[in-house]
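In the two complexes that follow, chain A is the common piece, with chain B as its partner first and chain C second.
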Partner chain A sequence: MMRLGPAGRRIALLLGCLLATATPWAGAAENAVDFEDRVIRMVLPQEPPQLDSSKATDQVSTRVLGHVMEALTRFDGQGRLVPGVAERWEIRRDGATFWLREDARWSDGSPVTAADFVFSWRHAVDPKTASEYAFILQGIENAEEISQGEAQITSLGVSAPEPRRLEVRFSRALAYFDKLVAFATFYPLKESFYRARDGRYGADAEDMLFNGPFVIERWDHGARLEMAKNPHYWDRDNIYLNRIEFPYITADTNAALNLFKDNRIILAGLDSETMENALDQRWRIERFNDGSAWYIEFNHREGRLTQNWHLRRALALSFDTYEFINRVIGTPGNLPGLSLYPSYLQGAKQRLLQEIPPPEPVTDWTLARSHLEKAMAELGLTEPPELVLLTGNSPTANKQAEFLQTLWKDALGLTVRIDRQIFKQRLAKMTAGDFDLVAAGWGPDYLDPLTFGDLFASWNLNNRGRYANPALDACVRDAQNSVDPEARVRAFGCIQRILLDDHAIIPTYERGQIYVIHPAVKGAIRRQTSPDPDLARAWLEQP
Partner chain B sequence: MGRYAIKRIIQGLITIWFIATATFAAMHAVPGDPLSNEKATTEAIRKNLEARYGLDRPVFPDQYFIFLGNMAKGDFGLSFTQQNRRVNDIILDAFPVSAQLGVLAIAFAAIGGVLLGAFTALKRNRWPDVTVMLAVILGISVPSFVFAALGQLALVNANDALGFTLLPVAGWGELSHMIMPAVVLGLSTLAFLTRLMRSSMLEVLTADYIRTARAKGVSEGGIFWRHALRNASLPVITVLGPAIAAITTGGFVVELVFAIPGLGRAFVEAVQQLDYTLIMGTTVFYGSFLVFMVIVVDLIYGLIDPRVRLA
Partner chain C sequence: MSAYTPRPEDFAPLGAQDAAPVLVRPSLSYWADARARLLRNPRAVGSLALLALLGLFTTVGPLFWTVDPSTQNLDRISEPPNLSAEALLIDRGQRWPGVEAEGWPSAPDPAWLASPTRTALDAPEGLSVVGTPHTWSVRLRWSPVENAAGYQIYRNRYRPTALNELGLPLGDRWSGAEVSYEDALALEPGVYWYSVTATDGLRESPHFQTLRVEVERALPLNAARKAGLLAPGDGEPGQRLSLPAHPLGTDYLGRDMLSRLMHGARTSLFIGLLAPLLYVLFGTAYGAAAGFFGGRADAVLMRLADFVVALPFLLFMILFRVASGVEAGESGITAILVAMVLLLWPATARLVRGQILQIREEGYVQAARLLGAPQRYLIFRHMIPNTLGVILVTLTFAIPTAIFTEAFLSFIGMGVAPPTPSWGSMCFEGLKSMLNSPHELFFPALMISLTVLAFNLLGDGLRDALDARMRARE
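Then we have the complex of A and B:
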């Protein structure tokens, strides 16, 4: 036999030690569903980047927070607003009052008080916190001034005259304020606990305090996150599950589908590639509208060819949203892009798009060509110009960009150069205005049409094409300042009409998502705003 | 020997400084920055964020020298993407995971490579040789993400067919989680080592001392194990150092597919998200690790072969 020299023995010893640090062979297999102990297991697409609710911005963090925290109000499975920590509330033109329930508790057993909201909201607008979501508190008195560093944080228009009464003063009307406060930035934070963590709040499971249906019991960074039912939660009798565990953290959709197939996780998102696989298994494929609207944004900055209305109209007239969703995107569940507003948004009495129906989009290449000629004449061009289309680097983004490139070549003889960039670089180029066209999308922060409606106001920093139109700005102000539902719908209609008539953007589609879910899991909620998917009130039924 | 070691260590430190400086320059030359996000922020908030991470000062000389000073102290600062965590903690958490996986993979690759290489050399140009060498070409040319996906699919189907969990499909924590990822991760190195070992073995088998051994009447088994295999393994040991570093750091796809919380994944995600501090931390850490492994191999070589020391 081969004998090991001293070096070889040392290597063998090292190897043995390393392996010994790993725990022994697999114990009991963890299935997707444990009926006896009421446990479900899922995959998390990434490590939550920020679990301090005053600073969280991303979907994974807000998804986790949505299970362990509770705001003043929340949305139920049908998308209706229901009481959370507040048992009732009143929204007025100049402010709002929330009455907190008596039995709302933190996970240490102490009561959730109005002061916890005052601290949290002040903390979020404090420029020292540097919360990227500070803007969402705008409309509360002095919020904007404080975040600009021009006012004291104690001057924020929120106070706790009684432990269970929260008073809010507005600087402009906030008709949708009860929906707004369901958002993560508005979760309460207990000041004494927060300060005691000395900047480490949200860093680990023990550095957090919870007031929602679950608590985070274990968090191995990058590897595993486990939630257990919160025994202090006021509505604990309506929480069926004892645990929600995330033993896998990966963004790989194929891996998620394999885990689902192996009965390790209860839910797996699908894409056009994995959908085939799921169909072969004869699984029931679920679909839902994730709430985001997608569009091509033009660069309206001075000196850009895309400032020309005829050019924008020519590009818009060559585009066919139905062809786009059916032939290019290809997965079921996507809806045609007709408007800036997605179809699920509520208007005054019914769906917003039923109250202000957008015009059916026209595809007419002959008309498009005549507009291109007019554009060339106005711009003094002798041949069709070359345009730069800025896009992401995902396979989906590539496919869509290549379709548009071919489309505009065929329809108009235009050359489109595709500029593929990874996320941060694409954002940098969008902000700097280094593009003619950019494939962009927007997801809602709260369930009011204004989250889309103010996007192209001249002052909105997310308006990266720098579209500026005083008529549109006026309509946005109307929508912001009015409390009359009918008047607001009219204002939203005005915004939609201007954007479409002026071809400020070309709506491309409303995104749908498809997924598979374990048949025993009932009451899983998919929704357009975080947390999605929401399993807090799910239950199990043996098949 | 002492002077040789000191010389190599100083060379190593210069290399690490160079890696750090080049990465620092390249990272800042890329458009965009770690603070830009989907939601645009106001000037005031941006300024505060910049101040928190020290991005409010000029990149050169201020940020560069602050970075070098902290690097010398072994502190890489706060991560931009895992916002409440220090880069040092992320590396401390993730590196042992990648190292465990890497050691298993390298053990699989080295043992498999040496044995397969020796075996094919003995069976030169006969069917076992041809078959293995064909497989080796596959192993070298097929990228690891294909093997990762195939390996995982194989496990799903195996578990399904058997009715019990042979090996988990993904996840981390137990030895059973590591086997398939280690095999997948080690495959291309195994293939490479097999080829190396085969040619080295072929050379050794025709050497004079083998003929001498045979003339002395040493059995064929003794010749193989004691004389041929040990001598032919030397080139394999040479490449093992860099291979260990490459395997422990190159497992990004494998870590993603098998949901393993390793450093390869943290590194690639840091680059995608332009997480300045995490990019610098992981690059310098990896660079130092690689340099260290090369020095160790050189020193061991120096011990074995005095000619290397003098050269």
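Then we have the complex of A and C:
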């Protein structure tokens, strides 16, 4: 799953200035949009490490793959699930059947068959592949045993009885399987081609075979990536663009904004600093919910002060999520943190949070102090304890941490030490349990509430605070094993109630992002899951 | 020619006499002369005065400007310098439930939506403000639009004339009947232009309605009481309250810049003065010993100094920090101090050694030695006074370097721990919002620049004043 980096805005300012002044020469003749040849140009935040879909984990790889590959199903611009390679499908309690469309083709012209999916999925769970996302196939018969080396790869519960029919057997109910298969790990791989590449699959443009709307035509590592329309794609008539090019690879948001200003790229993200700049330039500013939920996670390990419920409640009661999003973060699009589940998730009939409304958060410093006193009595402390808040090293993370530090000093007299770490180190410390509080975020892998719901199950390795509650575990199992939408919503409600009542986490906010996009580009899709942004079905309108 | 006739008195003994009339100017000791020449140097005097002011700013300043440097005030984030401000007292009661158009459909008519000839939705009419708009909330409402599935709300600082000028997309409403919006996003006193457009669920209408809103600064009653601006039970909503001034503005969490600069100076000057003092002292003793004893001892001692020079400073600084067990979130100031003392002394040692080697061979030292002067006498009478000038100058030039080092280390996050301010860390934070609120970077940078300039000018003046050869020119 995607543990989120610190907003991706670790700006090396000096470097940024250098890049900003150096880039105009790099592609002097290339404008952001070429109306005649139907080309758009964009920036990639970083070079994809490799493009083998069975091993891809990062957002950049899945973003590129999302344009050149197609899964059984996909999400459209409105976030609805629509047919991809599969024409229709059926999900049962014990398995699923997908009927593949006749005209699905690989970029060499050969048909995409069910066997391609069987090979790809087997390959992903193969312990020799060591895919970090092997766990996402769990729930398919024998997937867990295979990835632990206890069963044969061929025993995976997926088969191709006919070239255009894919049968899947589940070991537990997977009500959301049709949404799950839109994820990158489930893309097909053509066995003969894959084997012929002898381990080099996905390393270069010529070492790949595509079945999506585009093909990668050129890939200069670290410098440039170009995609061209796939002539064999079944839905090619609905693909307007001829090319999508990434002539720049940089993670620097300032550099990206300067490229946008120079009409070199069609899209650039904004932050609270560059936002004012964009307003002055009279650009149309767009907003979208990037899907991630952010929260403060407590360390529930033995011997930690934060095991104490009164202490956690005192910390939660002094926090005001509205003040946090409006006055501390201060960019539009962020929503108050009311629950573990972001607001866009769908429930049985309406949005999930309409069906299981979370309680309105309470901010009450007097009550918080009385809980702190109870906590101190229980812990045998004579004065408020000192806690360590682990956080990222981005400017945003730093500002938020300093705010919390002073907030808890003022409200409770607690001393909070800020432990600022780079992303990898923060993750290592989170895994080792070297913190009292950590500012964490979670982005969805698939559009089902379970991607958030199972986060604090005692067996989930991403439960870094090691929160263990049998009642919660039971609810998570209910949500996993049930196929009835209503029953699942009830289980998600149970998870939410336990987490909030027990103050296992303090939800802080639901992240929104703002960006600017070239006015001629229409149909660009921003979404909560990869690929984001999705330009595959975008078109151009002359202004 | 007349001859002089000697008189008997001429042959009387002269007897005791007063001292001969003084024909030379008064003897001027080395130090008195140096001081006089320093005081004649306007730049040096100016820098001395600046340093005295700085000392007062740091020590006496906080006694007069008693604002706490870590108190954050989210009402006044990144405020430019101001001398007075006034706020409207408000009561933050219940959250505003919003306005819903009764009996209005939440979604458009499906038949209309499916029709290929449907036209763009109208702009919402009757956009108005509910209650008093202030920095804690601006409540907007408008009349519902036929066939709307929702609305988009925008805000800008200038009057929008086209779609691309609507400004910040604040939020949306996902029902045609929800016809209100409460904005609380980082509002500052002043004029805002709010715009609302309608959407049919698929496409946003290009027609918009705009409203000019003048936002007044507000302060909730309980916040005013918490901050000690009001006695408990005092004050009523609707009253105006004058707020504390921020002569140098506030930072990104609404903390007073003046107060932070004063407290930040402590960290910067503590490191800036103590570290050079310690390592120059050590370097002097080390270099003097090497130079005085000479021979093998000198060779060994100076090779060790060469070794220390070769150590990369930043790397060792970080290693010290890690090895000294500075936990994350704790101040790394002691570690910086230790690292600077341990790593920066060789320059002074080399300089002093050179001086001592030179002085050792001077005639007067040889003479003193021939007369049987003990080593202690040689050191304290001849060596130290003659190297003191060099040492003082080294010291004044080392101070700015140390201040810079602290600023740099705090800048890269290896220095002080938040919320303790230091000039370096303030620059680092200020840099992020340089374009929107330049005062956050300008003032700490100015303080660093002034201090470093003052010490450099003073060092220059001292060098001129203490140079015995320049004495002869006058």
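Going forward, the second predicted complex is superposed on the first by the 515 of 543 C-alpha atoms of A that agree within 3 Å, B and C clash if a C-alpha of one lies under 4 Å from a C-alpha of the other, contacts with A are read in each partner's own complex, and residues count from 1 in each chain.
The rule we apply is simple: contacts are C-beta pairs under 8 Å (C-beta built on N, C-alpha and C of every residue); 3 or more make two chains touch, one makes a residue touch a chain.
No experiment lies behind these values; they were computed from the predicted model shown.
If you stack the two complexes on chain A, which partner ends up touching A:Ser147: first (chain B), second (chain C), both, or neither?
In the superposed model, A:Ser147 contacts chain B only, not chain C.
Using the superposition on chain A described above, determine whether A:Ser458 touches chain B (first), chain C (second), both, or neither.
In the superposed model, A:Ser458 contacts neither chain B nor chain C.
In the superposed arrangement, which partner chain does A:Gly222 touch: chain B (first), chain C (second), both, or neither?
first
Tell me which partner A:Thr250 touches in the superposition: chain B (first), chain C (second), both or neither.
first
In the superposed model, which partner reaches more residues of chain A, chain B or chain C?
Answer, by number of touched residues of chain A: B.
Report for A:Arg200: first if it touches chain B alone, second if chain C alone, otherwise both or neither.
first
One more residue to check, A:Lys424. First (chain B), second (chain C), both or neither?
first
Tell me which partner A:Asp52 touches in the superposition: chain B (first), chain C (second), both or neither.
After superposition on chain A, A:Asp52 lies in contact with chain B alone.
Return first, second, both or neither, reflecting whether A:Ser292 touches chain B, chain C, both chains, or no partner chain.
neither
Could you say whether A:Asn481 touches chain B, chain C, both of them, or neither, answering first, second, both or neither?
neither
Which part of chain B faces chain A closely enough to touch in the complex?
30-34, 36-42, 44-45, 48-49, 52, 81-85, 90, 93-94, 96-97, 99-100, 103-104, 107, 149, 152-153, 155-156, 159-160, 164-165, 167-178, 225, 229-230, 256-261, 265-266, 269, 272-274, 300
Give the list of chain A residues in touch with chain B in this complex.
Checking each residue of chain A against chain B gives 1-2, 7, 14-15, 18-19, 21-27, 29, 43, 46-47, 49-52, 55, 57, 127-135, 147-149, 200-203, 207, 220-224, 247-252, 254-255, 258-259, 261-262, 264, 422-429, 431, 461-462, 464.
Contact residues on chain C for chain A in the complex?
Residues in contact with chain A: 70-72, 74-75, 77, 95, 156-157, 163-171, 184-186, 252-253, 327-330, 413, 417-419, 431-433, 435-436.
So in the complex, the part of chain A that touches chain C is made up of which residues?
Going by the criterion above, the answer is residues 13, 272-273, 275-277, 279, 282-287, 322-323, 325-328, 330, 332-333, 360, 388-390, 393, 395, 398-399, 401-403, 405-406, 409-410, 417-421, 514, 519.
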